[in-house]
Amino acid sequence: MNIMRFKPLAGLLLAATLAGAPLAAAYAQDAAPAAAAAPAADAAAAAAPAAEPAAEEPVAFKTDTGDTAWMLTSTALVLLMTIPGLALFYGGMVRRKNVIGTVAQSFVMTCLVTMTWFLVQYSIAFGTNADAGMNKYWGGMGNAMFKMITMDQSYSIAGATPTIPEYVFSMYQLTFAIITPALICGAFAERMKFSALCLFTVLWSVLVYGPIAHWVWGGGFLGGMGVLDFAGGTVVHINAGVAGLVCALVLGKRKGFGTENMAPNNLVYTMIGASLLWVGWFGFNAGSAVGSNALAGVAMMNTQVATAFAALAWMLVEWIERKKPSMLGLASGAVAGLVAVTPASGFVNPTGAAIIGLVAGVGCYASAVWMKKLLKYDDSLDAFGVHGVGGLIGALLTGIFADASINALGKSHSILTQAYGCVFTIAWSGVLTFIILMICKLTTGLRMDEEAEVEGMDLALHGEALHE
Amino acid sequence: MKLIVAIVKPFKLDEVREALVAAGVEGLTVSEVKGYGRQKGQTEIYRGAEYQVNFVPKVKLEAVVDDAQTAKAVEAIKAAAATGKIGDGKVFVLKVEDALRIRTGETGSGAL
Amino acid sequence: MNIMRFKPLAGLLLAATLAGAPLAAAYAQDAAPAAAAAPAADAAAAAAPAAEPAAEEPVAFKTDTGDTAWMLTSTALVLLMTIPGLALFYGGMVRRKNVIGTVAQSFVMTCLVTMTWFLVQYSIAFGTNADAGMNKYWGGMGNAMFKMITMDQSYSIAGATPTIPEYVFSMYQLTFAIITPALICGAFAERMKFSALCLFTVLWSVLVYGPIAHWVWGGGFLGGMGVLDFAGGTVVHINAGVAGLVCALVLGKRKGFGTENMAPNNLVYTMIGASLLWVGWFGFNAGSAVGSNALAGVAMMNTQVATAFAALAWMLVEWIERKKPSMLGLASGAVAGLVAVTPASGFVNPTGAAIIGLVAGVGCYASAVWMKKLLKYDDSLDAFGVHGVGGLIGALLTGIFADASINALGKSHSILTQAYGCVFTIAWSGVLTFIILMICKLTTGLRMDEEAEVEGMDLALHGEALHE
Amino acid sequence: MNIMRFKPLAGLLLAATLAGAPLAAAYAQDAAPAAAAAPAADAAAAAAPAAEPAAEEPVAFKTDTGDTAWMLTSTALVLLMTIPGLALFYGGMVRRKNVIGTVAQSFVMTCLVTMTWFLVQYSIAFGTNADAGMNKYWGGMGNAMFKMITMDQSYSIAGATPTIPEYVFSMYQLTFAIITPALICGAFAERMKFSALCLFTVLWSVLVYGPIAHWVWGGGFLGGMGVLDFAGGTVVHINAGVAGLVCALVLGKRKGFGTENMAPNNLVYTMIGASLLWVGWFGFNAGSAVGSNALAGVAMMNTQVATAFAALAWMLVEWIERKKPSMLGLASGAVAGLVAVTPASGFVNPTGAAIIGLVAGVGCYASAVWMKKLLKYDDSLDAFGVHGVGGLIGALLTGIFADASINALGKSHSILTQAYGCVFTIAWSGVLTFIILMICKLTTGLRMDEEAEVEGMDLALHGEALHE
Amino acid sequence: MKLIVAIVKPFKLDEVREALVAAGVEGLTVSEVKGYGRQKGQTEIYRGAEYQVNFVPKVKLEAVVDDAQTAKAVEAIKAAAATGKIGDGKVFVLKVEDALRIRTGETGSGAL
Amino acid sequence: MKLIVAIVKPFKLDEVREALVAAGVEGLTVSEVKGYGRQKGQTEIYRGAEYQVNFVPKVKLEAVVDDAQTAKAVEAIKAAAATGKIGDGKVFVLKVEDALRIRTGETGSGAL
């Protein structure tokens, strides 16, 4: 392995980590007042998961059947995003010999993350560490195997009215924990060993996703700083995007990259995938209102508007540049819009969402098409190009377009505060992903051998093939 | 006996088949193939990558006919397959030494 | 262009327009009393969107989280009908070279209509025109970009208890505005230019769908006349079906129509599409109760029963006529049933729904198979044959089978009143669609050139292909 | 027909019937006290459908919009399981020439069962027989065509608070009645006549599913005995699995079984199907709480955990035995877990669910792979191997892992009581399925002729083909 | 050397392959083709349209063999592929001038 | 004129095409085929069943060339297609009696 290849990467990560430390200290002081200033109103409460540290104690409560119904539905919708949504979105884009291998990745990750979530990850992300000092960083093992959850308990967020049972909350959050690593697969498509993928998933879920979710949503040090992230732009998309970039660089290019025709094998699958992502994202964004109310409504509308504008923007740029608007472009643009509106969906008004969509459509086109070509890395299905870049665009623009008449919590928005949240995520995700990949390399090995890569994942890894 | 191999544009398949039947050919076998020649393939676009597809979809017809029929059959193909545009395709003629109808065991022209 | 081709069409449309005018006058007098007679009971309220003019003022309200949860869910279900539902239903029926081009139509229309909805269409359909006289015909621009919607406001319907936020209402209605033009694509499949499609979508949404929705649901002149249309048989299906017929006639037949084998390329896609339409239609019909109650329940049951009976009826007729029952027939029959039960779903009892299904199954078979053959137009995937004819069957039979014990509003049902609603829709949709097509013809051009049609939409329009 | 082939089968069924009779008598005495002991608390009420006889009278009630919203959603989710879920799960596993014919089976069954449900089946299953003695065995015809259902009525369960309209209840139950016979198709895949399939569906729904559902959920003799079956492990899965085994034995092996390559034609379809089954199963299991509450939440979590563990267990065993983990294995294991957790989902805690998943993953692998090979029957897509065996595992283990802190009704759980419920189902389902198959054999004929089987169902039965 | 071209029913492929191997043929190449002949294709139905599919699915086997082996190989195909029903297919024999094994550079019969 | 038939590994297609073009061949036709020979196919696994797939995917190239070009073309294929591993494939040469370009009616070598 040529370690030189990673120099720029290492520099970036180091810089991010260093920059983050003093900023953290500076912000920590303002955290409490910021939280105190938040009105205890309904809207605030509903939006709080994104912006407030979680209360340490589970609370007694009265179930609101309507809120609970919407959260149960949202859970189903978000799971639908990964299987079969993302599986098909990615499965349609690879070459024919890798279709089964690619959809199997999303499927097995769904199983593996469910296992780690049950065993320790929920506890790390949303548990309350007995050691209060450590609780800033991770939730500890106290809630492993859900042993602290009871039937008459709600999980809640500081200041929010608890209306849904904790089992529902945990189940909903699990679907987010599932899709995040599954997004990374786009970066190392068509070349990773299946055993490496399994090990990577387990380690990454526990060591990267768990802690970051705790920092932002579970009572950790980032949540109280006023970073606006309604539905997970940082925790999910920037996190997965950066991890994807690291994977693409560490694994290296696919054999034949740049010389062979690697056109998508079946854009109908990709269209189905993009559509299910779109519909499922209603659960992701509108579900992040943690209730069935006007905030959920506007989050859904913002999601719809931003997605449409981003898809149309991507289409237009491509139409001008390549003379033909492609189905792949429409689907990619839609996902770019979905990603970018994620942190903003419960803070901005539809006009803001439209602008975010337009910027994301053009910006992600630029990164997936122009930048990737320039820098010559093989982020095969644009995990970084769409999720990393789109996530950053969304996180920053939320700081500009947040509208207090939509959500009172967005009042003191600032693009700087937003940037701050990104830095920590990038640093932790980047460094840890690298370390985890090295562990896989030393144990399972990372990449399929060349002959297997030529033959394709389907036969080489799974002994299966499409017989169409 | 001769083997006539014709490579033609896919949407001409039915017309060529009818022309051959009209010319007295009773059996033929068709495969989907990709051709490389003067006519160039489409460009495919995907997320910034662009790829000149080198091959054009064609169909290949193979018919074994009596020596006497050969000229008529080739003529029929030519008339039916021509559009006058580049990529209309080719006809090749090869000698066949023997033929057999599996069902009956007939050989020679009787097998056709 | 041989203008003679359109003679019968022009005659039909003219007749419809002329017939409509005096009828309108006659009915206008009865409108007020009819509305007054409607009991303010729960059932009435819930069904009102179909039959009552909208109140002009947004109202303060208390969110019912259960009703809102069901409307959020219904919105997701109806979007699922178009992408990926309708995209696959149609995509499976075309030839292999046109699959990507066909699914791209549904996808891009979803984006374009979202854009027009946000910019002006919601305002036209559900806004309140400052000029009260004009408000009978269109809602004006006052609510463009949703600028009048606030977070603590419900959109409501005369006499109905407002229980859901206006953002939820607008989002739900948007999904109806999306699927309607997408249905038309079946009529001009495999031959329209992509640029023409985009322009057509924008103009048709603003000039045809927007006004008709306003007339019926948004406070316009048709709503108060007692026409029973629970979930959009007129606004959606008759409207799209007639527009489809006009498109099929204006664009002309596909090259090879009647001589080449144009068998569906992948009936599995069509089956998935039909299934998602079916499931999604629960959101369409049961969602039109605008609440989570018994009316929603019976609407869902009616939808299920009518669909099953229609599919079985189509299957039987085909089995007798062609000796083999086809998957395409089952799927087509199911959609015919879904279409026909749409206006009836919240007015009839399940026995009525079963009869409507049977009639629609046979009737749409007759129109899609026998009539099309006879009249020799190329309504490629039977947009008119199924949606136009099925919509008419449903609209008329609602006038016969409406059951006051299901919905008090259905008490004074009459097949004549129903016919009246159809006439206006047919006339406006027919004439305007024709004009819009002419605009496209003069600007973008309408039809792909012959070489491109032979090569297929996938490569010619989008530079993409299936690599299976 | 070689009647000898059925000897072991006949023996098994006879034994089961004989064993059942005295057991029934023994248990009948305890039934009333057991029911009386059940606390009238919320949890009890919600879980009751599985364990309590239905009240005989419909009751006046106040709709809970939240509960109703979740039940409407669950209905949509469970329908999604059959079309397109199961259709694709099975359609992907057959050979290419049988894809359309296989998906058509699920689709037509959806239509046929809707018809029988409306006509008589709901009445048989959930009606109250005027003859109180007979009501133990079947519900009679009093509610045929839903004639007893009114808009202001709830269907309820002894001791449960009625909160949803009866139309919603009936519609939800219908989706269970649909998927059960559709599961059987896996056993006789690629060889049954379409006409036989139609007749079989109608008879089986009325004579097998209707009565068994009545016994367990509709007020019949099994419901009160304390058998724990939260969401239908017995009524749905054991029932379908046993019927499948009988079908596989009666129809005989496919031509070429064991010598030709019968590899699945498209595992992407199977993956989509498994994913939709998974997501839809949330409606199946969490919906069986008949409310939007903590019990629904824990049922959803249990479903997720058991499924993941079962898929991983199957994968591991296969990885060890065959050196490669297959996508088909992951999907099969997931379904095995879903099946096994069905009866347990509202009674056990997530740790119990994890264990049930592990056992089901290994157990169903053993039955589908080792046992089938040993006994040489052709249960083509493992309807018995997965649903029958998985259902038994789940039913028995529920008796071990039921946790009273999750659901008070599970307090007096016993593996023996559980076994008792299985015996009756196996006996009735086995004997009646055999009789119904004989009726089909004598009328429509059962199996396609050999030439048609070689040509494939698509062309031979439906005149259709995939044109990819 | 001869090129033996056999067009047979798809479900006979494995039997024919085994028969050829038994007859000493060590290599062969198979393509999926569509055949036109006495046996007619199925009728396809779709929403009122009905279309007589003119072609029947077949497989084409090509094997180059030594002159001496030819008769035996043709006989093997005949025995394995025959069902006695229409559409069993044909065997054609052509002369091959040269053969080359790419891996080793061997030519002539050594290349087979 | 000769018909050169080459059966090669699929991922070598583009290299072989380029080599032929460099050797002066202006047209060729490609089909996807399955080969049986020394190289054995993969094993497929499904729910306990295991099936040895007898065939390996290959591509077949057919090019008709002038007699004079033949040796050079065969050489070009050999150089481009060889990996040295089993399954590299074969080249066969047959005699072609006549050729026709459908578009123009040219025959003989002018048609190539």
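List of remarks:
Every chain is named by a letter (A, B, C, D, E and F) in the order it is written, and numbering of its residues begins at 1.
Here, a residue touches a chain if its C-beta (ideal position, glycine included) is under 8 Å from a C-beta of that chain, and two chains touch if they have at least 3 such contacts.
Since this is a predicted model, take the numbers as computed values, not measurements.
Under the contact definition, chain B and chain E share the contacting chains C, F.
Among the remaining chains, those touching chain A and also chain F are B, D.
Equivalent interface to A-F within the set B-C, C-E or D-F: B-C (over half of contact pairs identical by residue number).
Among the pairs D-F and B-C, the greater number of C-beta contacts is found at D-F. The centroid of the Cα atoms in chain D and the matching centroid in chain E are 48 Å apart. Each chain gets a centre from the mean of its Cα atoms; for chain A and chain C, those two points are 36 Å apart. Annotation: 17 Å between the Cα-based centres of chain B and chain F. As a whole-number value, the distance joining the C-alpha centres of chain A and chain E reads 54 Å.
In chain E, the residues that reach two or more other chains under the touch definition are 14, 31, 44-46, 94-95. For chain C, residues touching at least two other chains, in rising order: 64-67, 69-70, 73, 263-264, 272, 322, 324, 326, 328, 462-466, 468. All chain pairs in contact, by the document's touch criterion: A-B, A-C, A-D, A-F, B-C, B-E, B-F, C-D, C-E, D-E, D-F, E-F. Within the complex formed with chain E, the residues of chain F that make contact are 2, 6-8, 31-38, 54-55, 58, 60, 74, 77-78, 81-95. Residue ranges on chain F touching chain D, taken from their complex, read 44-51, 53. Contact residues on chain A toward chain C in their complex (touch as defined above): 43, 64-67, 69-70, 73, 77, 95-96, 263-268, 271-272, 274-276, 278-279, 282-283, 286, 291-298, 300-301, 304-305, 307-309, 311-312, 315, 322, 324-328, 330-331, 334, 349-351, 354, 405-406, 466, 468.
Those residues of chain D that touch chain E in the shared complex are 260, 454-455, 459, 462-465. Of all residues in chain B, those touching chain E in their complex are 3, 14, 17, 26-31, 64, 94-103, 105, 111-112.
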